[in-house]
Amino acid sequence: MNNHILLVDCPDREGLVYRVTGVLYRNSCNIISNGEFVDRDSKHFFMRTEFSGDIDRSAILAELKKDLGDDAAIKLAEKKKKNIVILASKEHHCPGDLILRQKYGELKADIRAVISNHDVLRDLADKFDIPFHHIPHDNLNRDEHETMVMGAIDDHSPDYIVLAKYMRILTGRFVSAYANRMINIHHSFLPAFIGANPYQRAYDRGVKIIGATAHFVTENLDEGPIIAQDVITISHTHGVEDMIQAGRDVEKVVLARALRLALEDRIFVNRNKTIIFD
Amino acid sequence: MNNHILLVDCPDREGLVYRVTGVLYRNSCNIISNGEFVDRDSKHFFMRTEFSGDIDRSAILAELKKDLGDDAAIKLAEKKKKNIVILASKEHHCPGDLILRQKYGELKADIRAVISNHDVLRDLADKFDIPFHHIPHDNLNRDEHETMVMGAIDDHSPDYIVLAKYMRILTGRFVSAYANRMINIHHSFLPAFIGANPYQRAYDRGVKIIGATAHFVTENLDEGPIIAQDVITISHTHGVEDMIQAGRDVEKVVLARALRLALEDRIFVNRNKTIIFD
Amino acid sequence: MNNHILLVDCPDREGLVYRVTGVLYRNSCNIISNGEFVDRDSKHFFMRTEFSGDIDRSAILAELKKDLGDDAAIKLAEKKKKNIVILASKEHHCPGDLILRQKYGELKADIRAVISNHDVLRDLADKFDIPFHHIPHDNLNRDEHETMVMGAIDDHSPDYIVLAKYMRILTGRFVSAYANRMINIHHSFLPAFIGANPYQRAYDRGVKIIGATAHFVTENLDEGPIIAQDVITISHTHGVEDMIQAGRDVEKVVLARALRLALEDRIFVNRNKTIIFD
Amino acid sequence: MNNHILLVDCPDREGLVYRVTGVLYRNSCNIISNGEFVDRDSKHFFMRTEFSGDIDRSAILAELKKDLGDDAAIKLAEKKKKNIVILASKEHHCPGDLILRQKYGELKADIRAVISNHDVLRDLADKFDIPFHHIPHDNLNRDEHETMVMGAIDDHSPDYIVLAKYMRILTGRFVSAYANRMINIHHSFLPAFIGANPYQRAYDRGVKIIGATAHFVTENLDEGPIIAQDVITISHTHGVEDMIQAGRDVEKVVLARALRLALEDRIFVNRNKTIIFD
């Protein structure tokens, strides 16, 4: 028997859990775990169900559609490995961490490619037999460069695109092509230090805590739905370089945590926020 | 319309969520939040549902009983303030914190009494018009003393008994009289430093982290089901007194957090562990 | 023999530690702990020394002045209780926590008064025999009100003024009167959510972590030197009220931690940052 | 001008900081940072000084020896890369993390070799051109095996030996050969869950926090001086495998943090504890 994940969201009304679980019950499925949430502001209902059963996918989807109505968004995913593409620039720690996790089976994904505007990480990708695409941005305008990057991404049909310290500003065209499928790691506890050089600015401000934020990418830089955040304490003895070094460990762990949530279909995007069933 | 909390646990089988939500649906109740968990080891099912509706309690309970079978434990609680009794010795920070929370409406409980084997905290209880019972243990054997304490507790019919640094070892008779209703705060991150003088032993061991643990009290000292834990970092500059001081803030916050979970009916005890829907 | 705390800061140059410890050595003082830091940006030297000895304060100060030169800021404090005044509005948790700490000897300070623009906390202050000054701002312009508050503060000659959720914007006149002596608790991990309603904005932004920041008050709201910060994790299930409730525990603990550092003369203000020897 | 690190410890007495800094001052050295600590229990003094200067090492050491007396332990280290050897078994995450850090210059050490009782990690070491020694323990008694491992270690003259999940019990002979130079990562927040299978036992106990501890190895398993610890929160939804997975991120980060402290000569071992100047 296979395991499946069902994601349902729709305007809230009475009996939703009853209806969804009824469909599963009548199809002899066994619920492994179940999470629901109703957003009080938008009166919207979210439900994630993990269940096992030998199912006829299209039959179940049709039945759910009929029972829940046309305004319900329904997604039925098989519990299996997904494909990802990593976009990186020069920094190694996030791509390196993900590559090691994949090699040893810790990552529920295949890294189909690393794409970078610099050639720095080719050596690392090569060692682990991961295709590396160097797409320099010299002599290209932003649109031309993005078109090439998008081509390289699309060749691999990834479920998710991971921006592992990809230090390029993205156009709306690029962002909307991968809506809710592109995860970025930002090196601050957003919304503090939106934009460039967060560690320098954290140093200048004299904060006692620094952090990292993984979020879906939207048109507004660093303002997309937050998936995961974490922090570490620092002191006046930390120079900017010390913060950057200390921050790397938070960045890579937070990115991996957010990616796991995405790969396990645990995230709903609710306007500019996430709802996470973990 | 009132809010209600339904707690169900029973051996796992197909259709449980469907059955429970069906009863609520047929009684025109609206689910506010829902949590389920199946313990893979014991194949036991746990479900907490918060719902609103004008209900006939006994009718719903009967219907649930019928649908779920005799092996289901079903509890239907109204969402309202509970009563607690605090047992304390000489330390003020946990009782004081709870008393302030009650005064300003932060605690979903009425503190019906503070009972202590010392007279130290009478002054504090008096200030906030909370009955204070001083039950010294001098010239009494353990059973005699406990009988007096139990009498004082039972006069107030509390939902929960909070051991807010009550530094007395309890007999099995006492513990079993308040099974799953007595919450203790232990001044270490259990199971490290079970027993007496945890800060001294943390100091001697040279740990870099200290903590606190709130747990239900069982016959085996410091081995009951853990509800909440938290920690803080320390360094070699902390003497034992510094640890005690730093630890107080963790203790009082962890105890309040655990108590909130109990007062909101968010905890199942699953053998020696807790399942918490928060 | 009494314990003393020596704070020295001056432009960095060779031999500073040697000179300072030389003066102490020649005066038969015994160093208990010692911390130094050189800010690489400003090339400025900071040193805090705790020592014991029967000293002639003015002789030691003169000797240090002679040895270190005119550009050295030297402060010699006795290790003893200081006086504080609390400014509050309606919220109880920070003032209440400080009052309990004082009552039980946890706070190295005497709370000389609670001053508030509302009458809400009078009852609490009265219970603990702490003078309460209600200075309403109705029918007063900002300057008039502040003049009255400053008068009430100055009557008690406090070492530090603690803004324990005092929800009033302060003028430059007020701020500069108590430079580096006024500690505020802000209910966010600054610089995130500067200004009003940080929990509402944290909710709207969908952060996964909230926090609190204690800082010295300067003319620019929420931009003064940060003394202490801490955070707690939240999730999509937290509404604004839940965040406010959860945040209170962080706020009161962070404020108490920052105040302890100030009361123990552990903080240097270095332009817009703090250097803390703990 | 080179940077140097001076470590001094001796029984506490008046004038120690003055004497040490006097020697440095007379040799035209400039102190960059300075930390001192006196252990109140043992009345022992510890001092770490980072300074710059063109020095005659033996002259300074002789001068310090003369000024401080025969009971002073004095170590003068140049601030430079050290050599380490990694001992591992089958788990990849700690060795992999250290190898990536080295490759990209984050680790202030050269990994001279990876030694393992299994052949699993050869592939990883090979990719990064790090010598890999497979020393199986089949058909060998413990002493024979250790003799071979010690031979392999000693061939590389490492400053530190890192036990990166090396799952073998060590004899006293082995341990004493590398006293205060061998760092182990244990997969629990010691002293909780000393010994084997800490995650299984954490699961059985129902803790809400798990952690990792890096410590110097001594004869008593898991009882050596603790260098660094960290934790993460878990819940009832975490099975043992989930804990193991979540724990890996804490383990690798805590080990790297402890190793950095050792490589920068920031650790004193004080009987069974560490004193850390960071």
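All chains are identified by letter, namely A, B, C and D, in their written order; residue positions are counted from 1 within each chain.
In the analysis below, contacts are C-beta pairs under 8 Å (C-beta built on N, C-alpha and C of every residue); 3 or more make two chains touch, one makes a residue touch a chain.
Since we're looking at a predicted model, the values are computed, not measured.
Chains that touch both chain A and chain D are the following: B, C.
More C-beta pairs in contact connect the chains of A-C than those of the other pair, out of C-D and A-C. Ranked by separation of Cα centres from chain C, the top chain is A. Spacing of chain C relative to chain D, judged by their CA centroids, is 37 angstrom.
Distance between chain A and chain C, defined via averaged C-alpha coordinates, is recorded as 41 Å. For chain B, residues that reach two or more other chains under the stated contact definition are 33, 37, 237. Judged by the touch criterion defined above, the protein chains are all mutually in contact, each touching every other.
The touching residues of chain A, counted against chain C in their complex, run 37, 39-40, 189-193, 204-209, 211, 225-231, 235-237, 239, 270, 272-276.
Taken together, the chain A residues at the contact with chain B in this complex read 14-18, 21-22, 24-25, 28-38, 233.
Considering their complex, residues 33, 92-93, 96-97, 100, 103-104, 106, 124, 127-128, 237, 245, 248-249, 253, 256-257, 278 of chain A touch chain D.
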